[in-house]
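There are two complexes below, and they share chain A, which is joined by chain B in the first and by chain C in the second.
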Partner chain A sequence: MSTQHQYEDVPLRERIAANPQPAALWAVGLVVLLLLQLGAIVSTLGTALELFASVIIGAFHGTPSGISPASNVAGAGVVAALNGLEQFGRSLPTLLSREFIPNQGHATTEGGWDGTFLGLPPAFAWAFRVFLIYAYMFFFLWWLWFGYRTFVSHYRQADWTPRDDVVRRLRTHRWGQFGLVIVVLFVGLGLFAPTVSPVTYDEDVINPLEYEVEYLDDSGEVQTILSADANLQSASRGNPSSNVGPLSYDDFGRFHPFGTMNNPGGDLFTFMAYGARVSLFIGLIAMGISGFIAAFFGLLTAYYKGLSDLAVVVVSDSIQAIPVFLLVILVSVVFQGHWLAEFYDGGLLFALVFGLLYWPGLWRAVRGPAFQVSEQEWVDAARSYGQGSITTMRKHMLPYILGYLLIYGSLMIGGIIISVSALSFLGIGISPPTPEWGRAVADGRGYVTTASWHIAFIPGILIVLVVTALNALGDGIRDGIDPQSESGESGASEAAAAGGGG
Partner chain B sequence: MSETEELRRTERTDGRRDLVNVNGLKTYYEGGGLINSQPVKAVDGVDFHIERGETLGLVGESGCGKTTLGRTLVRLERATDGEVLFDGDDITTFSGKRVKRWRRDAQIVFQDPESSLNDRMTIGEIIQEPLNVHDWPDLDVDVVGTQKQVEVTGDGSVNQDEREADITVEVPGGAVTVRDGVPLPEDRVSVDVTESDSTVTVRVDVDVARKRLRRARVRELLTTVGLREEHYFRYPHQFSGGQRQRIGIARALALEPEFVVLDEPVSALDVSVQAKILNLLEDLQEEFGLTYLFIAHDLSVVRHICDRVAVMYLGHIMEIGDSEELFENPKNPYTQSLLSAIPETDPTDDKQRITLRGTPPSPRDPPQGCPFSTRCPVKIHPSEYEHLDEKTWEGIELFREILRERQRADRSFTERARAILGMETRFSGIDEIVREVFPHRLTQEREQALDRAVEAAASNREDEAREILGTNFDPSETDADFDDLVDSFISDVHAGSHGQARSRIRERFGEMDVPGEVRGDVDRAVEHVRDGDEQAARELLREEFGSVCDTEPPDHHSVSQSGRTSYCHRHLAEHEEPEVAFERQS
Partner chain C sequence: MSRWSYFARRLVLAVPVLLFSMSIAFVILRMGPIDPVSAIVGTQNDPAYRQAVARSIGLIDAQGNPIPLWEQYFAFMRDLLTFDLGRSWVISRGTSVSELIASRAPRTIWLGFWSVLVALLVGIPLGFYAGLNPNTFSDYTASFGGIIWRAMPNFWLGIIISSLLVASAQLTGGAFNWADWIVETSGGGVTAPPLTDLTDPENLAIAIKQILPAALVLGSSSMGNEMRIGRTAVLETVNSNYVETARAKGLPERVIVWKHIFRNALIPLVPVITAEAFLLIGGSVVVEAIFAINGLGKLFFDAAIQGDLPLAGSLLYIFVLITLSINILQDFLYTIIDPRIGYD
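Now for the complex of A and B:
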C-alpha cells in the first residue's frame, strides 16, 4: 500500500493536477465563451428562477398576488431579489445582443440607414446577428464535445467504455444528426428569442403603445409613429395591397423575415421565436414530470413485480382511457382564473396536465426493458451480497432504461408540441398574448389561398419539421444505444408518436 | 468476554463438522393464475448436510429443482418450509441486519457469465461493489494476552462476530498483526494501549483510507483468480466467457465467504476453458478453505470435482453419498438410468443403456408416491401381475400416463362446453390411444391374407390387394373410412414402409395382444373414459396395476457403509434390489 500503484483508482481531481494543461485550456475557453454572453446568461437564469419561485409561492398562497415582486406576501422578497438578478443581468455587457448589433433604424435620404449596425440595411443587420448567435451556439456545443474528447484522451482511466460504441454509432447516423441540428436550431430559437427576433415581443405585442418607430416618409422627412399603429398599418390581410410577405420590408422600414401577421399585425418571426420558448417550456416540463414518474414506476414494477405491477397497470390503463382533449378542455375551464393558469396564459397548466397524463405511455415503453434488466443475473448477484433495493435499481437497472426514456421522451415532446398547437388551433389552448404556433396557424387559415398565405403556412411547416426532427433524434439515439433494434422497430416508435399526438 | 469467545470458536471449529444442514426444505413458486393455482413444487422436501471444506455435487435433469435449491441456500428464494442451518443457525428465519451480515458468509457464482456482470461497470467497480455494501474492511480488533475488559477506540472496533478479527493487538506491548486477507501493512497501524485496573483501552489508528484498502483488495482478488491488475478499468464486454466467469468468482470471494454455491459455473464455457475454471475453483478451495455446493448437469465434471454427490429428481434427492462410490455402484434406479447415459469410451464395453420413457411429470402436480414412479424402469409391480411381460407393462404404464396427462392439460371453456354438449373435443379418441399403446395381433388366416395383400400391392397389383383386404377383413364394410384405410395401406407399401402398412391393418382389425385379465381391466377403463369419467378410469387402473411406488413416498434407505442413502422402495427387504431387477430385465 505504501507504493503508489500503476492501476490505482485516482480521483479525477488528482489526475487533472498531474497533467493540468489540456484541462486548463478547455476551462479557459469555456470561461471566455460564458463571459461573452454573461449578461444573457445571468438574466435568463434570473427569469427561470423567478418563475420557479413564483410557482412555489403560488402553491402556498394560492393567489396570483403572491407572484408579483411588488406584493407583500411572504416569499415575495425572494421573487423581488430574483427579479433584481434578472435586471442586473440585463445591465451586464453581452456581446451578441440587439443593443450591440441593432437592426432597428430608419432610412436616410442619402440612401443609407441610421441607427442600424454599421449603417447596414436592417435585413443584413438582423441576419448577421442571427448568424452570430447560431455560430456561438454551435461553437459552444462543439466546445463541450471537445471537452469530452479531452477527458477521454487525457484523463479517463479506462481505455474503452460502452459509451464509446454509442458515440461511434451516432457519429455515422446521418438521420439522427439531421434531427439533432434541427432540434438545436429550434432550441436556439427559443433560448435566444429576445436576441434573434427582429423586434422584442414586448414592443411588438405586449406594449406596442409605449414604443415608437422612426421612419422616412415619402417626402424625405423622418417621422415617428406608435408601434401599435405601424403594426396595424403593415398587417397582412390577404389582399396584395395590404400584405407584407416573407423577407420583405414594410412601409416603416422594418424588415420581416417571415412577414407580418394579420390583425393587429406584428412580426411573425418574433411570434415564432417566443412561441418556440413556450413550446419548449411546456414540452420539457411535461416530459420531465412524466419521465420521472415512468422511470420510478418502471423500476419499481420491474423489481418487485407481481402486485405492484398489477396496480400500476390498472392505474395507467385508467389514465390512458381518459380522452385527453376533453380533459384538457375541462381543466382549462375549471382552472379559469386560478393562479396556476396565470403562467404563460395556461402554459404551465398544460405542462402539468400533459405530464400527469402522458406517463403511462412512457412507462409502458420502459416497462419491457426494465423487466428484461431485472431478470439479469447481475441483479440477483447484487441481492446475493446484500445490496439495497434502491441502490440496485439505480445502479443496475436505471442505466439500461435511461436510453429508452430519452428515445420515447424525444418522441413525446414532438407529440406534446403537436397537441398544444392543436389545442391552440381549436382556441382552447394557450390564450393571447402568450404566443403559440398553433394559434398562428388558426389565425392565418383564412388567408391560405391569398397573398398572406405565410401566416398559417410557415408555422405549420415548422411544426412538422420540428416534430420530424425530434423523431429523427429519437431514432438516432435508439440506434446508438441499442444496435440490435436497428430501424425495424419503427412500429413501436410510431405508436409512441401517435400516442403523443393524442 | 474472551472466554466465551474462546468457547464459541472451539464449538465452531471442532464441535460441528457440518457447515450447512438442510432439513425438510421446500421451495414452492406460487402459481400465477387467479383461480385454482397450484404452486410449482420446485424443491419438495430435501434433507442433506454439507461438511466444512467439502464439495457437494448436485446433479439432475434440467428443471429438477437443483438451481432453486442452490438459490434457496443463499436466500435468493424464500423457503416455503423446512430449515437451513448455517453453522447451527436457521438462516430462513433471519431478517434485516442479520441477513445482511450472514450474506458475507454465503455467496453464489452464477451460470451465465454473460448475464451475471453489469455491462456498464468496470471490472474494478463490479468486484468492489460487495465490499462497498458491507463497508469492508470492518477493522475489528481482537486484543489478546489479557483477561480484563477490553475497549477499542479510534478507527477500530471490538470484534463482534465469529470471523477472525482484521487486526490483532497483543497486550502488553501493543504488537500488531493484520490478517492476511486485508492489504494493510502493519506499520500503517498505530496502537496506543492504556491499562487501568479493570479495563484495557486500545486506541487503533489506521492511516490508510478504507476506500484504498478496498481497491487494493480488488487488485489482489484479480490476481487471485488469474486475471491481471490492468483489467481493473476494463469493461465486461472486453472479456471472454472464461475470463468473465473468473470475474464472477472474484466478486463472490470478495467478502471472504465460507460457503459458495456454484450454479453450473462451467456449463456455459468451452470445454478447454472448463478445465481451467475447475482447477481454479479447486485451488481456491484449498487456499481459503471454502465449502462448495456444485450444481451441474455434466456428470463427468461432478465426478472430477466433488467429494459427495446428491442426485435430484423432481424436487427430491434420490440418492446422496460418496462421489466415487455412487458413480461406481449406483443404487437408486434413477441414478442408474442417469449414469447409463454417460457415453462409454470403451467400445468393447457392453453396458446397457437405460432409456427412460416419457418426460418428467409437472412439478405442479407431482406423483403421489415415488416421484420417479411414472418413468421408473424397475417399478414394483403387484404380485398377482408379476408374470406379465415387459411389453404389456410398458403399455399399461403408458396408458396410465396418457390419462394423467389428459387430466393435467388445461381444458378451455369451449372444450368443456363441447364435452358437455357431447361434441368431439381434442381429448376424445380413446380407441386410437388404446390401439397405439397396446400391441395388437391378427388371427393366423388374417395374418396370411395380410401377407398376400402386401405382396400384391408391392408388385403393383393394386386391385388384387384391395380385393384381398376387402374379402378377408370386412366385406360388409364399404364405407369411406375403410377405403381411406386401404388407400393409405397401398401408398405405405409403395413408399416401402411395409411395417407401417401392416400395423395399420393390425391396429384396426386386430385383437389387443394382452393377457385376458389385463384386457378386461383396460376395457373397463376405456368404458369409463367413454362415459366421460376419467377419474374413475385412473382410479381403476391404479387399484388394479398400482403398487407401493404409486401410493407411498419411499424412505431414504441407507445403502452403504459410508452412509449413502437412496430414495427407493426396492431397498426394503420384501422387494428385489434395483440392480437385480435391472439384471432380470436385460
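Now for the complex of A and C:
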C-alpha cells in the first residue's frame, strides 16, 4: 500500500482495478444477498416510487390521491406502471417469504399440523421465519461492515483517518450498541412487516371478508370460516372467557405472539409491525427534511455569520415558541380532507409537518459545532485559496457537522414517534385503516386491569423500548464523535427533543 | 458583550419572535386549506349565521364586502397585541375568550405547579444522589430508571396509572384503595380536582391528592431529564479544581457537598427546569384529556377539533406569550447566577 510515498490522487475505480479480488468477492456476496430477497426489494421499491409519484402528481393537480384518471391520464399511467412494477416484484421469488415458510394451517386429528412449514406448529413456523428474517438482516449489515473493512484494508490510501477513532470508540460502547440492536430490530419489524407478521394486514384488517381460515373443530372435522368471523370470535374483550393473550393460540389454530385486539379483533403483532412501518416512514421523512434544512442553515449561518445568523435565530425561535404538539393538532384539523392528508391516512402530512417544525432544534444543535469549524484554519485557507463558498461549506464544513445531526436526529425520531402516537391516541393522528401504535393504546384503554391488558400495555412498552434505544444510539454516536462533550450542555435541547409533549 | 447587554439583546429579540410566530399562526388559520367560517358553521347552513360569523372574525366588513388579506392580518395582530381575544363560537357561543381562559386556567396552573414540584423534588435529589455515589448499584438503578421513565409516553403512562388507581381496591384485595386513601374522594380519585376554597385543609388535601397522578405523568419526562442532568452536573463538579481545593484546606464533607457541589451543580439544571414549562403546555393536552381535567389544554384541543379556530388562535397566542416569558426568565436567571454566560 501507498504509505511510503506521498499519496497521488488515484480514483477509487483504478485502485480497485489494480487489486480486484477483495472487492469482487464482496460484490458477489452482496449480489447473492440481494437476489435472495429480490421480490421483496422490487415490490417495496415499487410501492415507494408509487407513493412518490402520486405525491408529485397531487402537488401539480391537487386531486385526491393523485390517481383520479379523469383529471390526469398521464399521471394515472405512471402510477399504474409503478403499481405493475410492485405486482411484478411480488411475483418474483423471495426466499424468506410467507409462501416459503407458511405458518397458517390447521391441526390434524393425529396431533400434527397441515399446511404449515414442515408440519411444525404455527408458533414455531412463525418464530422460525422471524428468526431467519433477522438473521438475514444482521448478516446483511455485517456484510456492509465487512465491505467497509475491506475498503479500509485494501483500497484506502490513508493509514489513519479520524473516522477510525470514532469506530474504535463505538466498538466498546455497549450502551450505544444496545441501542443499535434494538433500532435494527425495530427497522426490521417495519421493513419486513408483511413477512414477520403472522398474518398479512390485508387479510387481518383491510379485507377480512375475502379470506378464509381452515381449522379443526371439536368433533375432528376440518372447517372453514371467514377471517372476519374468526377475528371477531377470537377478539380480546377483557373477561377471561373471551381473551387471547400474548403467545397463545386462538380457537382457530392461529398463533398470536402479542395476543389479539378488541374490536373487530385481529392480531396485535400484525398491527404493531405495520404500525412500525408508518412510524418509521414519518420519522425518517421528517428527519430527512429537518436535517436538510438544519444543515443548510447551519452551514450558511456559520459561514456568513452576522445578519444571516440573526435572521435564522428569529425564525427558529419563533417556530420553537409555539408548542409543537399544539401546532400539529391545529395543522391536522386545518388539513382535514385536503389531498395531502390522504396519503397513508395522514402519514405523509405529519411527516412534512414534523419535518418543517423540528429543524430549529437540530439547527441549534449544529450551530455551535458549525461555528467552531468555520473558525478553523483550513476553512480560512480554502477561502483565501479562492475556493467557492458552496464548495468550502460542502467539503470542509459539512462532514464535521453530519455527526451532530445524527446525534440529535436519533433523539428527535424518538420524539416524533411519541408525538405521532399521542396524536393517534387522541384520535386526530393517523386514521384507520392505517395502523398506528397510539391507536392500539387507545383501543386497549378500558382493558388495562382486565385479562386483555396486553392491548394497551405491549404497544406502550415497545414505544418505551424504541425511544430508549434511539436515545442510547444518540449517546453512542455522541461519545463516538466527540468524547469530550459534556452532556450537561445539551440538556435543554435534549429535553425538548425527547418529550415534545406526547 | 457584558452579560446585561446580552440579556437586553435577548429581551429585544423576543418582540420579532412574538410577531413572527403569530404570523405563522395567521398563515395556518386564515390561509390554510380550511375556510374558517365553514369550520365554525359546520353543517348548519344558515346564510345569515355565516355572515355574522364572517363579520365577527373579520373576514367581511359591515356591508358584506370581503376584507383583503393584508388588512385581516393587521386586524388579527392588532387584536392579539391589545389582548382583544374575541369570542368563542362553538365551545361556548358568545362567551369571551378571556372569560373562558379565566375559568379554565386555575386547573391547568394547579396541574403545572404540582408537576414541576413533583419532578423537582424527585428528580434532582435522585440525580444528585446518583452523582455522589457514581458506579454503585444504586446509581445504576436510579440512572436506568430515569432513562426508562423519561422515554415513557405521557398518554400511555397516564392510562396505566389511572386504570391501576381506579381498580386499586380490586387489585390489592381491598388492602389499598386510592379513592379513600388519606381523604375520601369522588370518582375513584382520578378526576379533576375541585379547586374551591383551598384554605380549608380538607379541600386542599383533596385537591392535592387528585392532581398528583396527573402531575406525576405530566412531569415524568422532566423528572428523568433532571435526574440525568443532575447526575452529570454533580459528577463534573465533584472532579473540579475548587472542590479539590476545598477538600485540601480541610473543609468538612458536609460543607463541600452543600456549599460547593450542590449550588454549582444547579446551574445546568436551569434550562432543563425552564424547558419543562414548554413540555407542560404540550403535554397538558394529553394529560388533561386522560384525567378529565377541564383546563386550558383540553380547551385548546376541543376548540381545534370542533373548528372553533378563533378561540384556538387566541389560546395559541397565550401559550406563545407564556413560552417567551419563560425563556426570558431563563436568560434572566442565567444572567444572575452564572457570570460566565453572555460572551456568545
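Methods note: the second predicted complex is superposed on the first by the 473 of 502 C-alpha atoms of A that agree within 3 Å, B and C clash if a C-alpha of one lies under 4 Å from a C-alpha of the other, contacts with A are read in each partner's own complex, and residues count from 1 in each chain.
Convention: contacts are C-beta pairs under 8 Å (C-beta built on N, C-alpha and C of every residue); 3 or more make two chains touch, one makes a residue touch a chain.
In this text, all values refer to a predicted model and were calculated from it rather than measured experimentally.
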item: Touched partner set for A:292, first chain B, second chain C, both or neither; value: neither
item: Which superposed partner A:377 touches (first chain B, second chain C, both, neither); value: first
item: Chain B versus chain C as contact partner of A:421, first or second or both or neither; value: second
item: First (chain B), second (chain C), both or neither touched by A:313; value: second
item: Touched partner set for A:124, first chain B, second chain C, both or neither; value: neither
item: Dominant contact partner of chain A by residue count, chain C or chain B; value: C
item: Partner chain(s) touched by A:396 [first = chain B, second = chain C, both, neither]; value: first
item: Touching partner for A:449 - first (chain B), second (chain C), both, neither; value: second
item: Doubly contacted residues of chain A, that is, touched by chain B and again by chain C; value: none
item: For the chain B and chain A complex, residues of the former touching the latter; value: 71, 74, 76, 99-100, 103-104, 107-108, 110-112, 115-122, 124, 129-130, 133-134, 183-185, 188, 208, 212-213, 215-216, 219, 229-230, 232-235, 237-238, 248, 251, 254-255
item: Contact footprint of chain B on chain A as seen in their complex; value: 1-2, 5-9, 157-162, 376-378, 380-388, 395-396, 399-400
item: Residues of chain A that touch chain C when the two form their complex; value: 313-315, 317-327, 329-331, 333-338, 414, 418, 421-422, 425-426, 428, 438, 441, 445, 448-449, 456-457, 459-460, 463-464, 467-468, 471, 486-489, 491-492, 494-496, 498-502
item: In the complex, chain C residues that touch chain A; value: 13, 16-18, 20-21, 24-25, 28-29, 32-34, 39, 147-148, 150-157, 159-160, 163-164, 166-167, 170-171, 221-222, 225, 228-229, 232-233, 236, 268-269, 271-272, 274-276, 278-279, 281-283, 285-286, 289, 300-301, 304-305, 307, 309, 312, 316, 319-320, 323-324, 327
